[in-house]
Amino acid sequence: MLLTTVVFVPLIGAILVLFAGGRGDRPEREPLVRYLALAVSLVEFVLTLWLWSRFDPASSGFQFVEQRAWLPQFGISYHLGLDGISLFLVVLTGFLTPLSLLTSWEAIHTNQKLFSFFLLALETAMLGVFVSLDLFLFYIFWDAVLIPMYFLIGIWGYDRRIYAAVKFILYTMVGSILMLIAIIGLAYAHASTAGTPSFDLLDLYGTVLPWGLEKWFFLAFTLAFIIKVPLFPFHTWLPDAHVEAPTGGSVILAGVMLKMGTYGLLRFSFPLFPNAAHVYAPWLAILAVIGIIYGALVAMVQPDLKKLVAYSSVSHLGFVVLGLCVMNVNGIEGAVYQMLNHGVSTGGLFIIVGMLSDRRHTRLIAEFGGLKGVMPMLARVFLLVTLSSIALPGMNGFIGEFLILLGAWRANPRIASVAAIGVILSAVYMLWMFQRVNYGTVDNEKNRRLPDLSAREWAMMVPTVALAIFMGILPGIFLRPMEPSVMKILDVMHGTSTAAAVIRKPVTAPPPAPPPVETLAAREAR
Amino acid sequence: MISLNHYLVLSGILFAIGTAGVFLRRNLITILLSIEIMLNAVNVTFVAVGRYLGTVDGQIITFFVMTVAAAEAAVGLALVIALFRHRETLSPDAFTLLKW
Amino acid sequence: MNTMAATIPIVIVVLSAIAAMLAEAFRHPGERMPIAGLGLIGLVGAAVASCFLWNTDATSFGVVRADNFSLFINIILCIIGILTMVFSNDVVEREDLPPGEYYALTLFGISGMMLMAAATDLLVIFLALEVLSLSVYVLTALRRSSVAGAEAAFKYFLLGAFSSAFFLYGIAFAFTIAGSTRLDAVATAVASGPSTTLALLAVGLLAVGFAFKVSAVPFHMWTPDAYEGAPTIVTAFMSTGVKAAAFGAFVRVFLSTLQPLQGQWIPVLAVVSAATMIVGTVVGVLQSNIKRMLAYSSIAHAGYLLLGIVSANSAGKAAVLFYLLAYAVANIGALGIVALLGTAEHQHDQLRDFAGLWKTRPGLAALMTVFLLSLGGFPPTAGFIGKWYIFSAAVQEGHYTLAIIGVLSSVVSVFYYLRIVVMMYMTEDTGVAARPVVSVPSMAGLWAAMIVTFYLGVLPTRVIDYALQSIQTIL
Amino acid sequence: MLLLIPLLPFAGFLINTSIGRRLPKAVTGGLACLAMLAAFAVAVMASLTANAAATHAVQQTVFRWIPSGDFQIPFALRVDPLATVMILVITGIGSLIHIYSTAYMHDETDSEYARYFSYLNLFAAFMLVLVLGANFPVMFVGWEGVGLCSYLLIGYWFKKKTAADAGKKAFIVNRVGDFGFILGMLLLFVTFGSLDFQEVASRAAGMPVEHVMGAMTIATLLLFLGATGKSAQIPLYVWLPDAMEGPTPVSALIHAATMVTAGVYMIGRNAVLFQHAPITLGIVAGIGTATALMAGTIGLVQNDIKRVLAYSTVSQLGYMFLAMGVGAYAAGVFHLYTHAFFKALLFLGSGAVIHALAGEQDMRNMGGLRKALPITFWTFLIATIAISGIPPLAGFFSKDEILFNAYSKGFHILWAIGVLTALLTATYMFRLVFLTFFGERRHDAPAAPAHPEEEEPTAQAAGHGASAIGAGGAPSTPHGAPSTPHGAPSAKHGAPHGALHDAPPAMAFALIVLAIGSIFAGFVGVPQALGGSNRLERFLEPSFEAHATAIGEFGPAGTTPATAPNEGAAATHGEGTEAQGVEYTLMGVSVGAAAAGILIAFYFWYRNRAAAARMARSLSPVYTLLLNKYYVDELYDAAIVHPIENGSRVGLWRGIDVGVIDGAVNGVGALVRATSSGLRRAQTGSIRTYAASLFAGVVLILGWYLWR
Amino acid sequence: MDLNAIGFFVFAAIAVLASLGVVAQRNPMHSVMLLIVSFGALAGLYVLLDAPFSAVTQIIIYAGAIMVLFLFVVMLLNAHTEADAAPPVLGPRGMQIGALLSMLLAVELVWGLSRLGLTWFGNDPATIANISSVSRIGLAIFTTHAFAFEVTSILILVSMVGAVVIARRGQ
C-alpha cells in the first residue's frame, strides 16, 4: 500500500482542494486553497523521502511491490514497484511540486483552486508513470499526464497559450498513441509464446519477438519517448509549451515531464527490445548529439528567456539520451543522474525566470539588464543556478555530464567528442544570457525599483541551490542505490541480446545482423 | 420459358430506375416516388423467389414491405408538406440550409 | 423456448410509449404533466426485466431472442433512454416541442432499437429499423417552427428510405439463398453454400443498410445535417441510441450469421472503417457548430466500432459492446449539456456559445470536459478503455494499419474536442445570452453519466466480463 | 589537514558572501586576509610534513566522490613537492595580494568590498583544490572553479559592459580548453583505468614511449588544449589581455601569479605522461615559443599599462611551456615560481600607479612618476629588472634555466627565438618603465574618467597614424585599451593637481615583500654552473616521476621510482666543463640580449622619443599589425563567433527550427485543415449529393464483389 | 413462347417503361399516374407468379391507397412542375453522374444476376396451390409472422403520430 499511498495522496489532496475551494471562483478562499495544496505537496514530499529512507540500496529488484488483479482477462494488473532508477525520479517529483506551487503563489490569481487541483493531479499521474510495472497502467498514467498539463498551459499561460497547449497535447499524443498500439501488440506477441496476453513489464522483459515486430514496436515506443524528451527533431513543441506555460507549469514540465521520456527509454524501449535497441541506439545517439549542439546553438540566439531555457533543455536532454544510448553503466548512471540534475537546475532556472516575469511581466532578455545592481540576491542565486546548468564541477550538472561523456567515450569516442562541444556551448548561451540580464547598467526605467528576493522566493531558491551543490559534492548518495538497478537493466539489455540471439535464430527470420552491436559490445567488454 | 432469373433481372432494372429517379428529378415528391419504385422492385424479387421456393413467405414479406412503404410515404409526405410550408418549393436544392 | 419472455422489455417500453400518448391526450392545454416520469418507469422496468432475463437466453416467436447480447444492448439503450428522459424534462418545454408526441416517439424509438438488436429475423430487423427510423425522423422534425429541423428530417428520411431500400434488397437476396429471413436459416445457407453472387449481393447490400444507420463513410452524409438540424436533445438521443441498435444488429448479422463469408466482407468493411475514421475526424476539425462537430465525431466513432467488427474476433465483439456503452454515456452527456443550455430562441450550439462557461457554470464545464475527454479516448475514462479494447482486438488480428489509422485519427479528433474545452476554459465570455438553469435531476443525470464514465475507465473489469458473456450466443 | 588548506579560504568566502555585506570593511577584508594567512600557515606545515615523508608526499582522501561502476573517483588531496611550490606561491602571494587589496579596493561600498573579498577567497580555495587534487576530476573542480572566479572577478565591475564581456570571454575561451581537458580525462581513463595522477603516471611509465599518434599522445594533446585555455597560449590566449578589465590585484593574483600557470602546473603534474608523448611535447614547446614571441611583439606597442603586462604574462607563460615542451619540467616550474613574484609585483605596481592616477591606465598619459611614487617606482624597477633576466635577480635564473635546457636538448631554433623574446621582454618592460616613471608628466591631473567622449576623436587619429607612439599626445588606441576606467579605484582618491599619493601602507607592504621576493626567489635554483646546487630541481624531482604504489594516507609509503623522465634535464645540467662552457656562453647571450633590450628601450623611450615615432611611421604596416594584436580577435570574431551566431539565428533557429521542423509540424496541421476544408465542401447541403455519395458506395461495393 | 412468357415480357416492358416515365417526367402528377401504371403491371406479374393475393393488395394498397396519398399531396401543394427557384447544386453534371451511377448499378445487377445459372420455377400444382392460397397466407401471417405483424402495427402507429405531428399547422 505504500506506493499506492504515495501515488494517490496528491490526487486525494487535489480533490480536497477542490472542495475546500467551494463553488465557483471564490477569491476569499484563495489562501486556504494555497496553503492546503502546499501542505499536501509537502506531505507528499515527505512521503517520497520516507520511501527513500526505507529503500534498500543494495537490492537490484523492485521494492515496495504491489500487485493486484485488475483486468485479469488481458493479463493486466495493478502492479507498482520502485527501483533505484525510479526512486529518485519519484523524489524529484515530490521535490518540484511544492516548488511549482510556491512559484505560482503570486502569479496565479484566477481560480487558484483549479490550478492547485491540476497541479496535484498532475503529480499523481507523473508518480504513476514512474512506479508502474504494468504497461497498461503505465500508459494510463502516461496519457493522464497530458490533461492537467494542457489545462495548466491553456488556462494560466501567456498570450499564445491555446496554440501552445493544443500543440503540446497533440504532438505528444501522436507519439504516445502509436506506443499504445505497440503495447497491445507486445502483449499479444507475448500471448503467442506464453499462451495468454500479459501487459506486465517483468513478464515482457523476457519475451522473444520476431525481428519484424520488434523493430516496429521499438520504433513506436521510442517515438513516443523521444517526442516527450524531446529529442531533435521532435522538439518544437517544447519551446512553445515552455514559453506559454505559467511558471509552475514550466517547472514541472521541464523538471519532471521531460524525464518521463528518458525514463521510458530506459525502462521500456531498450530492455523490452534489446536487439532493436542495439541496432537503433547509435542512430538515437547521433540524434542526441545533434540535439545537444543544435539546442545549444539555437538557445544562444533566443530573445526570450523561457525559450532560451527551453532550448537548453533540448540540449541537456540530448546528453541524457546519449547516456542511455551508449548502454554502459557510466552512461546510464550519468543519464539518470542528469535527469535529476536537469530537474533541479532547469526547474530553478524556470523559477527564476518566473520571478523576473512576475516583476516585469516580460521575459524578453532585451527588457532586462543590470539587475545585479538592483537585485543582488536574485542575481546571486541566478548565477548559482546558471552554473549548475552549465555543469560546473562541484555542482550537480558536472557529475551527470561527465559520466555520460565517459560512457559515450567508451562506446564511441567520436560521438563523445562532438557531444563535449555542448559543454562549451552551454557556457556560451547561459553566460551570455546571464550577462545580458544581470550585468551592465540599468537602462530600463522599469527595472530600477524591482524588489529583491522575498521570503517565499528564498524558500524556493535555497533548497534548489542547496540541492544543486549537494548533488555535485555527494553524488554517491544517489549513484549507489541506483547502481544495482542500472546493472540489472543492462543485463536485460545485453543478456537477452546475446543469449537469446542463439535461441531466436530458428524461430524467426534472420534478424539483420546488427553491426553496431558488435562494436558496442566489444567496447563494453574493454 | 421464363425463369426466376428473368424476374430477378427485371427487379434489378426497376431498382436501378428507381435509384436514377433520386438523382434525375428535382422534385421531392418524385423522389419519393422513385423510392416507391425501388421498394416495388424488391417486392418483385420476393414474390418471384417465393414462387420459386414454393413458400408464401415471399408474399407475406411484400405485405410488410407495403406497410412500410405506406408508413414511409405518410411520414415522407408530411415532411414534404412541412418543408413546403417553410419554403414554398419542392426543389431539393432549395434546402441547403444545413451544409458543410 | 417459445415464450413471450424475450419480448418483455420491449413490450414494457411500448406500453409506456402508449401511456405517454394517452397522457398527452388527456392533458389540458398548459398543464404540466410528468410524462417523462412515465417513460422513466417504463425504461427502468425494461432495464430490470433485462436484468432478470440475463443468462436465460429466452426466445419469443422464433424471431426475438433475449440473449445476453441483446440484453447488454438493452441496458445501454435503457441508460440512453433514462438520461434522455431526465434531460427532456428540462428541455422539452423550452425547446417548444409537443411533449406527448415527443415522449411517445422517443419511447417507440427505443422499443424499435431494442427490437432491432434482439431480432433474429431479417424481416423483423427491417421492421424494427423502420420503427426506430420513423420515430427518429419525426423527432428530428418535431420543432415545427424550425426550417432546419424539417430540412434535416427530410434529408434523413429520404436517405434513410433510400438506404432501407438497399437493405431490403439485401434481405431479398438473403431470402433467395436461404428461403427464409431467419438468421439461423441464412447462416446455414451461407455456411453450406459457396460464396455465390447472390450471397455476395446480400452481404453487400445488408452492409450498406447497416453502414448507413451507423453513418459510415460514404453513407454518412446525412449525419451532420440531421444532427445539426434536430433539436439538441433528439440529437443526443439518436446519436447514441440509433448507433447502439444498429451496431447491435450489425454485429449479430455480420459476426454471427454471415461469419462464414467474413473473407468477403472484412476487406470492404476495413476500407469503410478506415475511410470513416479519417473523414469523421478530418472534417470535424473545421466545424464551428458543436452539434455538427459531434456529428462528425460520431462518424469517427462509427469507424472505430467498425474496426471492432472488422477484427471479427470475440475481443472485437465484446469491444463493440463496451465501446457502445462508453460512447453512449459520454456522447449523451456531452450533447445533453448542449441541450440543457439551449432554448428555442438560442440553441447554444455554436462553439463560441461555450466561451467562458467554466466561469459561470464550473460544474457543467467540468462535466463537459470529462465527456469530451472520454470521447477523445483519454485515460482514465471509459473512452480510453473502449478504444484500447477495440484497438487490441484489431492488433490481435494483425490489422496494424487500421489500428494506426485509428489512433492517429483519434489524435486529430482530440483536436476538435479540445476546441470546445478551449472555449470553455481558455476564452473569455463575450456576452453569450443568458443560459438557462439546469434542474437538479438533470444535473444528477449528468453526474451519474460522469461517474459511469470514470467507473468504466478505472474499473472496467466487470463490465468487460459482462460484455464477454454477452457475445457467447453470437459466436 | 590538507583539506584545511582550501577550506580556510572557502570559509572566508562563505562568511563574506553570506553576511559580509553587513560587516564593516575592516572586518571583511581582515577576515579574508586572515583566512589566507591561516591557509599559508597550514600550507607551510603541510609542506614540511610532506617533505619529511619518504615519498615526499602526503595524501588525504576526504570521501568517495563519484562512484559509478568501475569509475570510482575519491575526493583526494595530495601534497608533493610540486604541489608544495604551488600552494606556497598561492597562499603566500595570495596573502600579499589580499593585503594589498584591502587598501586598493577601499573605495568600494561595504557590500561590494565584501563581494570582492569573497570572490578572492573563493578563488584561492579553488586554486588550492586545483593544485592539491590527487586526480584529474578533483583537479578539474579547481580548474573550472578558478575559471569561474576569474569570470566573476574580471566582471567585478559588472556595470561596465567591457568588463562583463571580458569575463564572459574568459570563461568561454577557457571552456574551449576544458572541452579538451574533459576529453583528455576520458581518454586517459579508458586507457589507464584510473584518473589518479600517480596511477596514471605509473601505468604510463610501464608503456613504451609513443612516437606515433597513440592514445597517450592524443590524451596529452587534449590536456594541452585545456592548458592553452587556462594558461593563455596560442590559440586561446585572447581572453587574457581583455581580462585586464578586472581590478588590478585580481590581475596580479589570477592572471599573473597563479591561475594562468595552472596549465604549466598540469603538465608538470603529468610529466611522466607527457614524457611518453614526444609529439605532444614538441607541440607544447613550439606553441610555447610561438606564444612567447608573438605576445612579446604585441607587448612592444601597447599603450595600456596593464595590457603590456598582460602580454608580458602571456609571453612568460610561453616560456614556461617551452620549458615543459623540452622536458625541463623543473625549469618550467622554476620560472613559474619566480614569475609569480615579479609579475605580481609588476601588476601591483601598476595598480599603485593607476590608483594614484585615479584610474588612468594609458601610459601616454603618464610619465615622470618616479619622484611622486618612489616606493612604487623602485619596486617596479626591481621587478622589471627581474623579468628582463638581469642577474642576479630571480628572472635571470629561471629564464636562463629554460634557455639552457632548450639549447642543450637540441632545440636550437626555439632557443634562438627564446633569446629574441628575452630581448623583446627587456625592451617592452623598460619601455613601460620609461614611459611611466621617467620623462615629464604628460597629464596634468588625474584623468577625468567620465569624459570618454573627449578622447574619442584623437583615439581615432592614433589608430591610423603612428605619430603618437611614445611621444604621448593621443591617449588611446583603437582597440580600446579602455582608458575610461570604471572610475573604480576612485576618482575621489586622486588629488586634483599634482599631489599624487604613493601607495598606502598596505599596498606598500605587499610591494616591498614582493620586491624582496623578486630579488631573492631565484636563489633556490641557482645552477651548479654558478656554484649553486639547484635545490629546487632536486626538490621537485619526485613529482615528475612515477610511483609504483599509491601514497598512503598521511603516511610515508614505499617509493620505487619507475622512471625518471627528466633525467636528461637533471643530470646533464652543469656536469662537465664543456657543458659548463656552453652554459656560460648561453648565459652571456641571454644577459646580453636583455641588456640590448634595455638599451633599445633607453634609446627610444628615454633619450630619443622622436626616433620611436619615426620608427613606427616607417614600419607603419608592422606597427599597425602589432597594435591590433595581429587582428586575432577580429579573425576569431569573423571566422568563428559571427558565423556561429548568425548561423544559429538565421540558419538554425529561423531557418531550420521555425522554418523546416516546426514548419513541418504546423504543416501537418495545415494539411489536415486543408483536407478538412476540401472534404467538407463535399457536404454541399444538397440531398442529391448525399444520395450520390451513398449510391457511389453501393455501386463500388457491389461492383467489387461482382467484378472479382 | 408460352403465354406466361408473353405476359411476362409485356408486363415487364410496361413496368419498366412506366417507371422510366416516372423518373423522366417533370410533372409530378404525371409521375404518379405512370407509377400507378407501373404498379398495375407489377400486379400482372404477380398474377403470373401465382400470387393473386399479392396482385390484389398491390392494386388496392399501393395503387389505391398510397398513390392516392401522393396524388393528394401533389394537388394540395399545387406543385405541378419542377420548380427552378433554386439552382441545382450539383448542376447538370451531377445529374449525369447520378444517372451514370444508376446505369452502372443496372449493369452490375443485370450482369451479376444473369450470371447465375438459369433457375426454373417448379410446376408442382400442389405447391402452386399452396402459395396462391389466401388462407395459407393468412395463417402464416398470424402464426409464423405474428410478431412481425404486431411490429407493423407499432410502425403504423408511429407513422401516424409522426405524420400528424409534422403536418399539422402550429397551434
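For reference, chains read A, B, C, D and E in written order, and residue numbers begin at 1 within each chain.
Convention: a residue touches a chain if its C-beta (ideal position, glycine included) is under 8 Å from a C-beta of that chain, and two chains touch if they have at least 3 such contacts.
Keep in mind that what you see is a predicted model, and the values were worked out from it rather than measured.
Annotation of subunit D and subunit E: jointly contacted by B, C, touch as defined at the top. Distance from each chain's C-alpha mean to the overall C-alpha mean is smallest for A.
By number of C-beta pairs in contact, the leading pair of chains is B-E.
The chain with its Cα centroid farthest from the Cα centroid of subunit E is D. In whole angstrom, the spacing between the mean C-alpha positions of subunit A and subunit E is 69.
Centre-to-centre separation of subunit C and subunit E, using mean CA positions: 31 Å. Rounded to a whole number, the gap between the C-alpha centres of subunit A and subunit B is 64 angstrom.
Between the Cα centres of subunit B and subunit D there is a gap of 97 Å. Contact of a single residue of subunit B with at least two other chains is seen at positions 8, 15, 18-19, 22-23, 31-32, 55, 57-58, 64, 68, 71-72, 75, 79-80, 82, 93, 95-99. Shared interface positions of subunit C, defined as residues touching 2 or more other chains, are 123, 127, 130, 134, 137-138, 141, 144, 150, 153-155, 158, 162, 197, 201, 224-225, 415. Counting partner chains per residue, subunit E has residues 88-89, 94, 97-98, 101-102, 105, 109, 112-113, 115-116, 144-145, 148, 152, 155, 158-159, 162, 166 touching two or more of them.
In this structure, the chains touch in the following pairs: A-C, A-D, B-C, B-D, B-E, C-D, C-E, D-E.
Across the interface of their complex, subunit B is touched by residues 123, 126-127, 130, 134, 137-138, 141, 144, 147-148, 150-155, 157-158, 161-162, 164-165, 168-169, 171-173, 175-176, 179-181, 224-225, 228-229 of subunit C. Subunit C meets subunit E in the complex at residues 7, 14, 21, 60-64, 98, 101, 104-105, 108, 111-112, 115, 121, 123-124, 127-128, 130-131, 134-135, 137-138, 141-142, 144-145, 150, 153, 196-198, 201.
On the side of subunit E, the complex with subunit C involves touching residues 109, 112-113, 115-116, 144-148, 151-152, 154-155, 157-159, 161-162, 165-166, 170.
Contacts from subunit B toward subunit D in the complex involve residues 19, 22-23, 31, 92-93, 95-100.
Across the complex, subunit D meets subunit A through its residues 63-71, 111, 137, 140-141, 143-145, 148, 151, 155, 158-161, 164-165, 167-168, 171-172, 175-176, 178-179, 182-183, 186-187, 189-190, 644-645, 647-649, 652-653, 656-657, 661-662, 665, 669.
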